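The same chain A turns up in both complexes below, where it pairs with chain B and then with chain C.
Here is the complex of A and B:
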């Protein structure tokens, strides 16, 4: 696939120039692309308004149907029946697949979906295909997302009667920078310019900040600081954030996230109801796809019902002679998804610990996303924070998109005479960024939960005498060894003056600006030397455009440890 | 030091008050966006070493006093962020916000703040010499070892000093005497002339440490009255002696309190505090107004430590 020439930096520059000439700034719209459903919202001059499609829906299913010549997304397409989405011709859950290699467990978990997800387990992107007239037609998650975004854009342009260009998108906390570039690519393909990518719970936090601000205005009270725990769990991802809010400023203290969600619960339940379901569905025959669709719909229904009733009767004929008749109650559901709930709990605890806050300090617990309706999740949140109730002032399904729309208005420079946009989110980095040094160890330079914009630097040195070059290999993640982290890019420092090992100082500086652009700078410093003839390297990351770590292996094969780096012991 | 690129510290970053002028929020964002940001690496800083001299004082940056508690720092930080965060001010706010973040991180963490205070030579301990917030006069330029003080008991209100150095001295029209408004508000020559011009030699050079106590004590205090007798205002006849004994008392107080704290480790913090308070109150009965002042400093310092 030939990639369109596209850089965000030059685009944002032209946008800026346009703005100078125009009296009315273009207000960026907020888009929440969910694993299961999407929504679009915009600041209409006095408040946030959710846009509706031609069928008067605010929430649109996230899928693209390749059945006809022109692929149709969930915005304009009308499903005649739920099963149509599960016929194999429609691709959904693209948010779980985007930017992931075929060794990723999340990709493997997607193999039981009705469309084709083929993996070769070597670390390349998986093959994804939609079944059209008995042919698996290939596509990519980016393409699917771009088609979908194009429909959203068209819908918004009709609703707002103006061209749309700038968007604020919400993304899961656990997305790495490579996945972020995939989202940006999809947006570029749809002709959209990403103004900001907000982790979903921080969008919710911004909405919360606005609500608190309004309450203060109404009560004429003093704006004391409020700590909120935000838990967002949708179909694909689970995110947690702790935010301190005062005077319209939402200061994110900590973020935590993981790719677990309703989809995992659904698959666990399907496996529970039909133990050999994975083997049955893995070969993707027409009849298997049909019976899987039936099972999926029935299970999904049951899970939805279990949020309000204690037990549910599942009665489904899979069509191939097997029938499932079973009563499932709350406890059984919780037992089947024990691991999912345990993960949620550990994320919440980790996030509170990272925020250096006690559970008692939390003023409000905000639970949003589809899974926030599950009683077990609600109880979990209340018991961890020792609270009797959850925050009630938000629609769990609309909170993220409303926050994104607010950020869109703030970042577009819109002013509200009533102070409703007197808001600010102070973001933190969700994952640590560092370089490879001391063998294959990961040395973080910007740790997780560092306030953005951020700039940190660290001094490294050579490992060999008269070493004249060094490789800077940048990774993102939380693991101690580089293999466990995500490769972002690499470059070589040359012209290190010959000196005994440990003498030259190589300064590596990382800079993240408010729109989350990462730049890595590296330069050589020779102690005592007055020369500064060696230019500094400045590299915008990520530079790798495939999601695999092959390049790192190739680098290691070619250079061994000859270009390695060591950390410098801190002088007192 | 070898500088490869312009260091962070050397970029002239306006302090809060100066920025207000040319950093009109929101509107100029578009202009700034045109230019891609230039990132400068800070290359002349040795690891571990705090290059304090070239850096902007974090307290000045946030516009807070050195004894501010966490709450004050937080508020100031948020207020400034709302002005200069790149979301609002555009890309130009990047560098400034980076410094705000750094300052905030250091001042919010107790260990880092102590280290930083030590590096800039600022004492923030409960019995430190930093009374600057309590004195009357403000400082132009850096803190110097000597300061000007007008003994208002002796001043005859001739206005000579105000005439010669109007940026340093001012008249208190109600009391009819001169007072130092801004330390070193004029150049050295003008100040010298004004000191010499005083016909009663009531303008004194004093140690900076003593200044706050002197300025505090020279202010007339309400005198306790009995019925229709007494009342009115008074101040020590010899303010220098009074300041000396006051400082001594303060140091004793500090010692006692420290001892009290050491002795009462077994007690709950509330009990310990109550006891320390009681001891102090007895001692301070004589200076009833000072008592309020003391609780003010001790109180704020206690908050700092928490």
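Here is the complex of A and C:
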């Protein structure tokens, strides 16, 4: 599952481990890496337990401070004050930056953070730097995440008194496969082997399945099926899932996600309070970083207060002669973040539609993540599903990590005598995967919300007479044009027998196995003949590494449409 | 990921056509599945499911395993029973729950179960599939005993009544 360079080592070691330790399995721990905070949990033999750091915290801030010789993350480090995190020396929000090119709007939105996010807008990885002794020291989101994971691992090893290797991680629904490889690389750098990556709401769905199993005591799906709508919104991402649960089986019906979250609301509010803040901050001078930090802390505080109060007084001295004194009420907050809430609404509606469910079918609405405390979000969920209340059986901040820990135990082959681990999640693909066809159109081969493991194929044909080669360019995403989607890889097939256009048949098959590994197979179909003239290509994706942003452009520049393919028209 | 890519590659054409049993004992051609007209329906999601149906129609004629048999349920099964059977089989066959050395075959097995479930759990697709069954197998259980007929009670003869009105809410 991980980066090729590491896969060799981790694969072989895992195979060995899993064989030898079958009698006494190492229970994988569950990790929830949040944009703002992280937590670790493990199945302790009878239930899920959240692990604590030396300062007795279950929730740890996600950041790494580069101020000292040894970078310190939020697991072991103690912030003397919130402002310390905003001095420019600490890198945070790595989950929003990992695996994104410098053309990505999410990266651009991160430019107002106190540390340096520099973009050249050419489709490469952004430059990220921490301010240490007046020097911007470069780092990468993968490195920052790896340092942080290393601390989490050390913490878990102390708490459990055993070496930790296998982990189950939760990831946002909107993560593409390239971003997934970055997460796996960070894990490999921290010496962790990713047993499973779960979209966050599916981890919550698993916890829900277990809770239902415990309360009803029905067996093997004979009990009534419950439909749950899971809404998970943290600082960086918003995810929605619809799941059908019965008998410990959580069947994911649909997923939807977007990189919007509390961070966007925070930035909208900061812009609202100080309209020229971005211009002020564009130089990243020492005093501006300080002012921005002060504004950020005050705004964050106000947003938190607005979850329980109708209005809040903001009073902040930015230290450069300007002061902000303002009363902000609920309506104003909702107006400023109108677009964010609209996006949330559209995700929920899309997810229900994809699940082919009516809002009335929903048994429980589960709202988790930091933003689930926002009154507007709660009202939105209840009004869409026409319900009077939300599900109360879960801690909104701990649900995802608990689900990950359950999956960790299930995937490690642990048995529970009381049947508390007789669980299964049937996952679906969060994004469509397909190839480029003539006219830069994206043709999905595996549509989104396809149950995994999956295997689908489609026949394509040539667009030119006597075309003997074709480029198979694989994308992941939901846009109709390939430009809007994420490039996963590309390869060329040759040896197509010369024929008029539209005659040759090129079969493209996509296979996602039980470990979520994607393989793309393509071959020329020779009608009538059975000889093995041209071998089939099999490529494990994603193959693109850094610079993925301009690979597609380079291909287009070099080959134009000469190696394009088209879908075969339906023959009746 | 445990199976090396090369061995999988060799198995590939066979695996894909695993449940088509015997008809083509010829060496595998470069087609992953030799139903040209089937794969020719392109693009949209709807057509993909149509593709699956057509494929089943084709393979069912070759082999004798119906979607009902895949799920181990009678043809009169209710929607509830179909879902329950799917969950029960998923608990046994899903790659997440089987032993490490069975992952590859279980993925195929699960995909087969899921396709059967997704067709039969959708009233429209089930009705369509049932009509196909009778068209190609005019007297599927004619030779079987009366017990079979009673097992299929609730389904009065092979008429044009459809499952949507009959069985599923």
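Criterion: the second predicted complex is superposed on the first by the 547 of 572 C-alpha atoms of A that agree within 3 Å, B and C clash if a C-alpha of one lies under 4 Å from a C-alpha of the other, contacts with A are read in each partner's own complex, and residues count from 1 in each chain.
In the analysis below, a contact is a pair of C-beta atoms (placed from the backbone, for glycine too) under 8 Å apart; a residue touches a chain by one contact, two chains touch by 3 or more.
Bear in mind the structure is a predicted one, so any value in this text is a computation, not a measurement.
Partners chain B and chain C, brought together by superposition on chain A, clash. After overlaying the two complexes on the shared chain, residue contacts for A:415 are found with chain B alone; chain C is out of touch. In the superposition on chain A, A:540 makes contact with chain C only, not with chain B. In the superposition on chain A, A:137 makes contact with neither chain B nor chain C.
Look at A:58: by the touch rule set out above, it reaches neither chain B nor chain C. In the superposition on chain A, contact is made by A:247 with both chain B and chain C.
By the document's definition of touching, both partners, chain B and chain C, reach A:521. Contacts of A:443 after superposition: chain C is touched, whereas chain B is not reached.
Once the two complexes are overlaid on chain A, the chain A residues touched by chain B in the first and by chain C in the second are 15, 19, 225, 246-249, 251, 410-411, 422, 424-426, 451, 453-455, 457-459, 507, 509, 513-515, 519, 521, 523, 525-526, 529-530, 532, 534, 536, 538, 568, 570-571. Chain B meets chain A in the complex at residues 2-5, 8, 26-27, 29-34, 36-37, 39, 41-43, 46-49, 74-75, 78-79, 81-82, 85-88, 91, 93-94, 97-98, 101, 104-105.
Within the complex formed with chain B, the residues of chain A that make contact are 9, 12-13, 15-17, 19-20, 196, 225, 246-249, 251, 407, 410-411, 413, 415, 422, 424-426, 451, 453-455, 457-459, 507, 509, 511, 513-515, 519, 521, 523, 525-526, 528-532, 534, 536, 538, 568, 570-572.
If you check the complex, the residues on chain A that touch chain C are 1, 7, 11, 15, 18-19, 220-222, 225, 246-249, 251, 410-411, 422, 424-426, 443-444, 447, 451, 453-459, 505, 507, 509, 513-515, 517, 519, 521, 523-527, 529-530, 532-534, 536, 538, 540, 567-571. Interface residues of chain C facing chain A in the complex, by the touch rule stated above, are 1-2, 5, 9, 12, 16, 26-27, 29-33, 36-37, 39-43, 45, 47-48, 83-84, 86-88, 90-91, 94-97, 100, 103-104, 106-107, 110-111, 114, 118.
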